[in-house]
Every structure is written in structure tokens, then in C-alpha cells.
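Each chain carries a letter (A, B, C and D) given by its place in the written order, and its residues are counted from 1.
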């Protein structure tokens, strides 16, 4: 049964809405209003009608949907194709202590926080204070805020935590901080980076080499969607051609 | 500290080895032997020498590495680029009850099993009995066997479990079983498929439509690696051009 | 020197204009007017000023530019990445007699007509009469009209010409006409097709097999553009993900 | 009818052979021998039998086939997907005077030489003398040697010809020569480059900017092949992921 505080997804053929259920509230759509109290009598997979009679399917939102459609974006986000790969590649799992910087809108943070449940933690260092509040709100929408600590901190200064099991860095000039980050990483810990340009790749690779990281790799992921029509199957006309290049290495 | 039963990765510049640590055993490499008892005195990130003096870095293996280099393959596997995306797309997380069929070599099972920890479970139905033992062994290497139950079962027959929160199907003719699988899926549950050919996509899409699935999508992921040389950065000459098409939908 | 009747490209940092030079005429732009008579005193590579003093470089337009920016599109066109590949793959060269159907806006026709100069000819069969006049005008812009004959003809009927050295077919249901087209093709002649969907590929392949074509291939070309910034080099954010699949075979 | 000196392609289901027909000669294959005199009685599209009775189809070879299967490679070649695009992009056509450097194995030279017929010419400057003879032989196989002049010349020295209509440069450090090349290019002439690494792109873009080239573009082409099986249509498992990046600009 749906409980107060749940993030619920309302779905019809065309529309997707997200809401956090609170007793007494009303959710308005262009297809009519829904009383939260009605939602509290329902279960996921059931349908609910607006006061105009329009029917929505009630879904438990996946993190994938929350990231793409639910969170408020104050920055370019790391997309699911990349965040899922990063999380598996870095081996993020229960009980790990993970460094992320910056936090941006928290899209990658959500995926990694879900992976360190129930006893791990993501420490985010974000130098741009204005992003922090929004990132926390996005984490709350995903019910993952307790696995994350976001600090207003610049990577050029000594890191407040040590002994990280893994790290992911998404800042403009990561090569400037690799020596400093290394001091807070366990030996053998994997690290990843996202950079949009080839020049940034070259500079990051140089810094990794200089700081004795091993198993360095550069990879990009392309996601191609098809129009799901059985008898006229074809790729979409246009696609996202670039989100960023991923760099991975291991501290040695 | 490394404990008996841990799966450990030994890494030098060129070689990667996996072993499960057992008191009294010896692990042989072409660079010399390592006593397991020595490993039990070490921690991850430290180094260990063979009797010939060759040094290895001791790494805690990521699931990514276990899948690519550790497991025994008796079938074509689902690669990390796909398995990580599938797991996020289906919203696999703690406490979920997930249907997978077939199990193959368990490469996707490992990723999903890690995601349902600590209280969820993956039920795998595999009609080809000869794959089951190998899949269990691969799950043991990843220390995830207790989150998975593999049954010798054909999808054309009534499924032994009901009320699945999500499902992933990787069989030759998935369209034949969609009606049957639907009976075991919760309303609102996401389902995914991997198929190698476009003809299979069309037939699967038709069956999904006929069985009132919604939010149907077809996607493929391409992974492009670069030679990690700072001043001569370029893509690898050749790449894997196709592993499979992914189809996703939601039960309604 | 620029001659009356030449198609001329005017280029500044941002704008590209095409015009056919005619004595006494005036070409208006938002940067001011240019007298054609002034153009006739110039050579390619020189600059010319509008009456407002804005300077344009005078370029001899390439077919590439004419296709992308000069021709009037009444249909989806075949893009340079595909038309250049098709022309080389079919071996289109001087003195060949080539079948094309339909003509569409003539974008491929332009490339193939340029390749059969000076003694070959492209015969286009177009069942949609409304496209023919526009295609002729586009060919005139490219100065290639005399190498092309466009006929209002349906591929299901006997073809007016025989003994073609090569053929390219871009119609909705090519498989319906392959038997008929074969009668007009020389033995050993290559044939190509563009189809947007995978279902059309399968049906075309079946018809080619049934009609004893050999050396069958299916290929698609992806064109990825980069932002040409030396110190921030990166792919464009979005790209054309699909124009069509190309099928090639040889009549045997 | 086939004439002495023709380059002929012999094709069966599996094999492709190229030969230049000469009276009195014998061509040996593992399926038996063919007398050239017999070929001289045949026409393209007909079949011919070896002395062992094995039948070959006689094809007029396309330049595409000659490049991929006929020429002798002493260097990495520029592939048809790139050479066809380059030729269209640079607007190579009848009567143009084109600069190419280096010549390599002549794979691009063949395509451009075919495009400047009958009154244009390709001037190739190659500093590595050992490639020149082989390139000429490859051009002869394609019957295009008279449209090409290959000179043993280093791009760092003054170019022997001037007033080029277009240029294509495929050398290791093109940025070193752009100032020099510019002196031999007509105003408004297009230029192209192929470079394998991103570092080379950046350096070439800088030199182009410094030398006032306009309309700069960077593009790469990916060619994806499918297994041509109607009811099991799918991409090939592996593909060529990288041949080179193409850079284009216009002299201003």
C-alpha cells in the first residue's frame, strides 16, 4: 500500500507525473485533480481517477524515471547510460565509502547512493554552494538522502574525509586535483572521471600517469533509440551524440 | 583485512588473476606461486610477492571485473554496458522480487543480485539444465548466491512464483511467453528483453502490444574505447558493434 | 572569370547564398544588394561588396553545398554521406547508363549525374509527377540537367530503357519491382537501395535472393560532427542518428 | 566486349579475382586456369569456365572493389567511406587541379582521379620515395594513371605547382605545412585533412585559424555492416571503430 511520504508516479499513455504523497493535499493536472488521500487507499499498479474522470496508472517510480523526469536540474546531469555504467565499473556496493565531486544536480549521486545501501555513504564535495540545496531535494525525492553527505568544499584543499573505497570526479579541471585526491583514496581504489572534451582527457591521463594510477581506460557510451513500431522498425532520426567521455583508473 | 572465502584479484601491469582464499592453498602463476596464508595477512591495496619475487597488487575485485574476467562462460554473456543499464532501467533495488529467464552464465544475474541486497531475490528460470551449476558457481565467485534461486523451468509452463516486481527475459523467442509471464507480474512492473535480431524486436513488440504493456522502448548501447595515450588520443581501431537490442515496457 | 549562367556561392562568416548569374539582375540580402553585372567582372575566390559595404567571398559552389543548402526539397533527400558512398559503391563513372527511381528532389541524381559525365546518362523513373519539375530545377542549379532524363513512370510497368549498367532504387516497397528491374539490368550490374526500416531490409533481401542477385550487403553510415574548437574539442551534442539503411547487390 | 588491357573481375560465390587482360596469357586460380584469349571473346556479365570446369562471372570491377581488393597496400589506406565523402565534400570534378599529399598507396588518389576526368589532374607530393612506384601501379590497375602526377617532394619546401582548386593532406603533422600549402591554393579553394588522433585535430585547427581558413569542420564517418539474412537481421558483431577524423576548411 502507498504510504505518506512515498514518491509516486502517475502515468497515462502520454504523461508522467511525480508527487510525494501528503495527507490532505491535492495534486492538479490538466486532466483534473487527484486527492492525495485517495492515493493512500491505493496500491502500486492500480489506477486512480481525477475529478474529471481521467484515469492514471499508479507506478512506483524507478530511479531511472526520477533522474530523467523527476529531479530539478540546475546543471547538466550525468545520464543513466553513464551513471549506471560508472557505478558498476567502480564496483560501488553496500558498505563502501565513496567520494563524489562535484554533486551537480545529484543525478549520479542518486544511483551511487542506492548502490551503497544500507551501510555505505557517498561524500560529495561541491564548491558551488548554490547547487547543494537542490541536490539534497533531489535526493529526498529519491528517498536516498541519508546515504549522502554534501559538503561545501573545494578539491584543491585537503579533503575532510580519508580512506575512500572509490571516487568519481566531474569537475572542469580534474587534473589539478588528482594528487590531492590520491591522498584520500585507499590503495587499489578505483576512480572515474567524466569530461566533455578530448583536451581534458589528455590532461587527465597525464596526471593519472604522473600519480601512478594503473589500469587506465577511456570509454564513451552511445545510446541509440528505435521507434517501437513492429512493422516499421527504425532508429530515431536524431540522437544524443555526446554526453561526455569516461575515464577510469585504479590507485596503486 | 582479507578473510578466508574472499574473492581476491591479483593485478600487475599486464595480468589479472582471481582466486577464492582458502587456508593452506597455493596459487600458481607463470610469475611464481603465492601462499593463500600470506594473503590472509594482507589488506586490499597492499602488494604481495610470489616465491620468485614478482609483485602483485591485491585488489578487491569489482563485479565488473568478475563478470568480464572471472566467471566461466558457457553461453554468450550480457555485458556490463547492458547489464548496468538494464538494472537501473528496471529499477532493481533492495527488497524486490525479480524474474530472470534464462540464467545463461549468470552475468546479468550477478548485477541484479547485487542490487536486490539485502532482502530481495532473483528467481531465474532456465530450461537448459546444463547451465545451472555453472551459473551458481559464478554467483559464488561474486558472493551473491544467497540472493538468487535458479530453477529448471520452461517459460511456456506456469511460473512457480508470482507477484514479481520486475522481469528480464533473454530467450530466443520471448514473444511466445509474454502472455504467460504477464500473469506472474505485478501491475506496473517493468519488464526488459535482450534480442540480437531486428526480426525478434518486431515480434516482441507485437506481443507486448497485444498484452497491453505500455511505455515500450527499444534501445541499443554502443561502447567505444579509446587508447589512453595523452598525446596520441584516438579510438581503438575496432569495437564490438553489437551485443543485442534492449526492449523495455511496463505491465498495465 | 565568372560567366553568365554560373551558379555562384556568396559566403561570409555566417551566411551562404546561391545565385545563378544573369546580366542586369540584382541579388538582395539582409546585408545589402549585389548587382550581377559586378559579379561578372569578378573571379572565384575574390570578394564583392554589397551597396551597404558588406563583403562576401565569391565561391564556386561544390555539389556538396548545393545539395545541402541550394536545392529546393520537396521530399526527404539522400544526404552526401550516403550519396557519395552509393556512387562509389555502384561504380558510377563516365559513359554509364544508370537507372534511378524515384528521383525525389534529385539530391542523389546530382551526385550520380556528375559521375557519368561527359558521355553517360541517368534515367530517373518517378511515379509522382509533382516532383519532376522541381528535380529538373535542382539539376539546373547544379548544371547537370543534360546528363539526366526524368520520366513519369511506375516501376511496376515495363521499363522504357534496357541494358542499365547500374541502378539505385529509393521507393517504399522496392521488393515488388526487383523482378521487373532485373529485366532491364545488364548481367553483372550492381544495384543499390535505400530503405528506412528494418522490415524493408528483410523484404528486399528476400526478393534479391529469389531473383538470384549475389554479393548482397547491408550497411549504414553514421556521420558525427565535432565542434571545431582546438582547445575544447568535442562531438556535437546531437547528431542525425538515421537517414536510411543501404542495401547493395550484383545482378547475376 | 572485353578488350586487351581491361581490368576484369572474376567472381564466384566466394572468391574475387582481378586481372589485366593480355593476349596469350593464362590466369591461374585454385579452381583451375583461364586463358586470357577466352576472356577477349566475352562480355561483362557473361560467365567463363576454368579448364577444370569451374564457372566465374565476369564483372567490370568498380573502383570500390579495386580499392578494397585489388590494389597493393604499402601503407594504411583511406577507405571508400572516407574517400567518397572527401571527394564530394571538396567538390572534386572535371577540369580541376587538385593537390594531394602524401600519396600512400593511392586509394584516395584513385577516387579523386576518376572525379577529375577527362581534363583535370591530381598532383601528389610524396616525400617517401618507396611508395611512389606502388601507387602508380595501383593507378594503372584502375586505368587512371594519366590523370595523376606523383612527385617526390616534401611539403615543407615550395610546392612545384600553384593555383590548386582543392587539396587533401594526409601526413603526420599537417599543421607544419598549412602556411606553405596556402600559397599554392586558389582563394576559395576547399582543403581537407585526415588525422587519426584528437591531438592532431587540435593542432591542425589552430594552424587553419592562424592562416585565415574559414568554414572549418571536423567530422568522422562510421560504417556499420549488417548480416544480410532476411529473417535474422542484425549488425555484424564487430566493426571498424576508427579510420581517422576528417577536417575540412576553405581558403579565404
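Note that contacts are C-beta pairs under 8 Å (C-beta built on N, C-alpha and C of every residue); 3 or more make two chains touch, one makes a residue touch a chain.
Please read all numbers here as calculations on a predicted model, not as lab measurements.
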Partner chains that chain A and chain D have in common: B, C
Magnitude of the superposing rotation for chain A and chain B (Cα, nearest 5°): 180
Copies chain D and chain C - interface residue numbers shared by over half, same or different: same
Pair exhibiting more inter-chain C-beta contacts, B-C or B-D: B-D
Chain C and chain D: spacing of chain centres that average the CA atoms, whole Å: 21
Cα-centroid distance, chain B relative to chain C, in whole angstrom: 47
Whole-Å separation of chain centres (CA-atom averages), chain B against chain D: 45
Multi-partner residues of chain C (at least 2 other chains): 198-199, 201-202, 224-225, 231, 233
List of chain C residues in touch with chain A within their complex: 196-199, 224-225, 231-242
Complex interface listing, chain B residues touching chain A: 11, 13, 44-46, 57-65, 80-81, 83-85, 87-91, 93-94, 111, 114-115, 117-118, 186-190, 198, 201-203, 205-206, 209, 214-231, 233, 245, 247, 250-252
Chain C partner contacts - residues on chain B that touch it in the complex: 198-199, 201-202
